[in-house]
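Two complexes are shown next, each including chain A; its partner changes from chain B in the first to chain C in the second.
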Partner chain A sequence: MSDFSIPRSQSTPAIQGNWSEGVLSMQGDSYPENSYELFHQVFEWVERFLQDAGRPLTLELHLLYLNTSSIKAMMDIFDLLEAAHHAGQPVAVNWHYDKRNERVADLAEEFKEDCTFPFAIVGF
Partner chain B sequence: MTRDQRDLDELVKRLLADPANSDHPMHYALSQLWLAHRELLNRIERITHVSDAYQSIAREREMSLAERFDKQLRQLEKVARISDRYQQMMRELNIALEEASTHDVLTALANRRLLMERLKAETERAGRLQHDFCVAMVDIDHFKQVNDQHGHDTGDRVLIEIARVMQAEVREYDLCGRWGGEEFLILLPELDLASAQVVVERVRLGIRNLAIRQGTEALTITVSAGLAAHLPGESYSDTINRADAALLRAKQHGRDCLVLAS
Partner chain C sequence: MEPFDLFSMREAYNRQQIMLCFNGPISRSLIEEIGNALRNYLEADHAHPSAAMDVFAVYIEMTQNIRHYATQKGWQEQEAAATVVIARDEAGRYVVSAGNMVDAADGAGLLAKVESLAGLDKTQLKAIYKEQLRKPRDGDAATGAGLGLIDIARKASEPLLASMRPLNEDRAFISLRAVI
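Right, the complex of A and B next:
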């Protein structure tokens, strides 16, 4: 179907959706003024992928700072993955963090708490 | 249905069915009344049924709303919790950044930026309130030789040890900082030249008494210092320049001593 790519800005992360490989990646900080505008296209892409692609989906996240509405958006995306997982679709999240800042790993743990699909927190 | 009602129903049915009554003038009226009565009963039953159905739908909806509300509430609590932790993380990073931007990485003393900030503030305060302050420039003697003979690791250790002694020997409200390389600056608020001299001498002797272990030997380090009192109307860079000139004279006088600026 379609790939998409949003370049990094000062307040938003770089985001890439690779349809053929089934990978959604994000890198950077996220504190946009309008989180809905940014994340609804991500949300829609994930939703469409889960509906149409019939392939496993993996999220590769290199996120550092998230503002409150970005946290909510990420939880909504994880809810989508959780529902897909319950329907038997293979989904996974790899949350990468810099080992010099362990607090990011703790925060990833908070997100992981309610997820039953494979959710790895990977230090580099 | 109560017993009296059942009995009445039976009685009416019997009366209507009895052929003996069929010509009675009230027979028609009773039969019509009986039909109307039955219809009314049916209608009440239907209304009750529909009403019950509505009630159960409303109840189901209320329960699913309550469920959704609970879910949203749990999500909100989680978002708030994570958000608080992100903010805490940013706060800590800010503090670390502030510390890093105002302090010397090696010695943890104030860096040149913080020294200049405080010098500026102290100069303004002195102008406003006619308070004294003094500035001392302290330079390690023959530091290049320490580096050359014992290596830079030892040189770094000397800087760290000297910083520790300086910090220990000054008063609580004096500010010690690394001005650059092996040169340190001490800002001494609320002191005239004579009193400041006592503090800086204490620092100088403290450093000289320091024995820095290097293998089997102990290094003795001395410093030269120049001390200047801030003059009314003078900029802080002028005060520093006079302290620097005094330091130069201390070096020329054979080092390991303190010279007061004129």
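Right, the complex of A and C next:
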């Protein structure tokens, strides 16, 4: 139905939503002062996809540093996935990280702890 | 007027191993630009990527907390001023400090919070962090909703240090220090 793409800025990640493939991707750092401005549109896209698409959704994340307000916003998105998973919808997260920086894996691991859907933390 | 001499300032900075410091009104873009400079310094300093990320994270949380506080108070740009210092201690650890003007009552609240966090170990800090993360937002969706200070405490290698100096009847200057 609708794809969207947000270019990367100094403090915000690049984000792409591909409706036909059922993939949401993010790359980069996220530390905007107002994370709501950025993430509410992502949240709404995920919400609409889970409601209307009737297809599996996968998140491909290459996120690095997140400030606490971005962490809170990401948790809201993962909560949507968790609810969809409980309703029997296939959802998955693949979080890719550079093995030289284990902080990124720690961050992903803390999100994973609260999720029961497939959540892979992939080092490269 | 004080005599024009930056040498004594330079000496003091060198003695305290200050890598970077800032004093004045702090804007959103200034936080990003100083953050950029900080990242470059840390890279040139051959900081481990994890340590560099911790220092950067603490810097961001401290300065954004100061901005959010001033916004919440409805203060003008000039009042949203911060004093930020990034240095190394004798052991070579990175030290991130930030200070700002606050309402005296809020300052006392922050001191109490820092003190309560000081008694917690990493596991306990993680537990209250997750608890705070799960709390519904109280109207202000923009901020990290109280997570910042706990996050800073989690990234610090020793308890946070805070101090307050009264400025007048209502206002005080608060300083917060985290050793990474």
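Points to keep in mind about this one:
The working rule: the second predicted complex is superposed on the first by the 124 of 124 C-alpha atoms of A that agree within 3 Å, B and C clash if a C-alpha of one lies under 4 Å from a C-alpha of the other, contacts with A are read in each partner's own complex, and residues count from 1 in each chain.
In this text, contacts are C-beta pairs under 8 Å (C-beta built on N, C-alpha and C of every residue); 3 or more make two chains touch, one makes a residue touch a chain.
Treat the numbers as computed from the prediction; the structure is a model and nothing was measured.
When both complexes are overlaid on chain A, chain B and chain C end up clashing with each other.
When chain A is checked against chain B and against chain C, the one touching more of its residues turns out to be C.
In the superposition on chain A, A:K72 makes contact with both chain B and chain C.
Of the two partner chains, chain C is the only one touched by A:R100; chain B is not. Within the superposed three-chain model, A:F111 lies in touch with chain B and out of touch with chain C [touch as defined at top].
Of the two partner chains placed around the shared chain by superposition, chain C is the only one that A:S11 touches, whereas chain B remains out of contact.
Of the two partner chains placed by superposition, only chain C is touched by A:S35; chain B is not. One listed stretch of chain C collides with chain B once both complexes sit on chain A; from 26-34, 44-52 or 62-70, that stretch is 44-52. Common to the chain B and chain C contact sets on chain A are residues 65, 67-68, 71-72, 75, 101, 103-104, 110, 114. Touching chain C in their complex are the following residues of chain A: 10-11, 31, 33-37, 64-65, 67-69, 71-72, 75, 98, 100-104, 110, 114.
Interface of chain C with chain A (complex): residues 28, 31-32, 35-36, 49-50, 53-54, 56-57, 60-61, 64, 67-68, 130, 133, 137, 141-145, 147-148, 151. Interface residues of chain A, counted against chain B in their complex, comprise 65-68, 71-72, 75, 101, 103-104, 106-107, 110-111, 113-114. Contact residues on chain B toward chain A in their complex (touch as defined above): 75, 78-83, 85-86, 89-90, 92.
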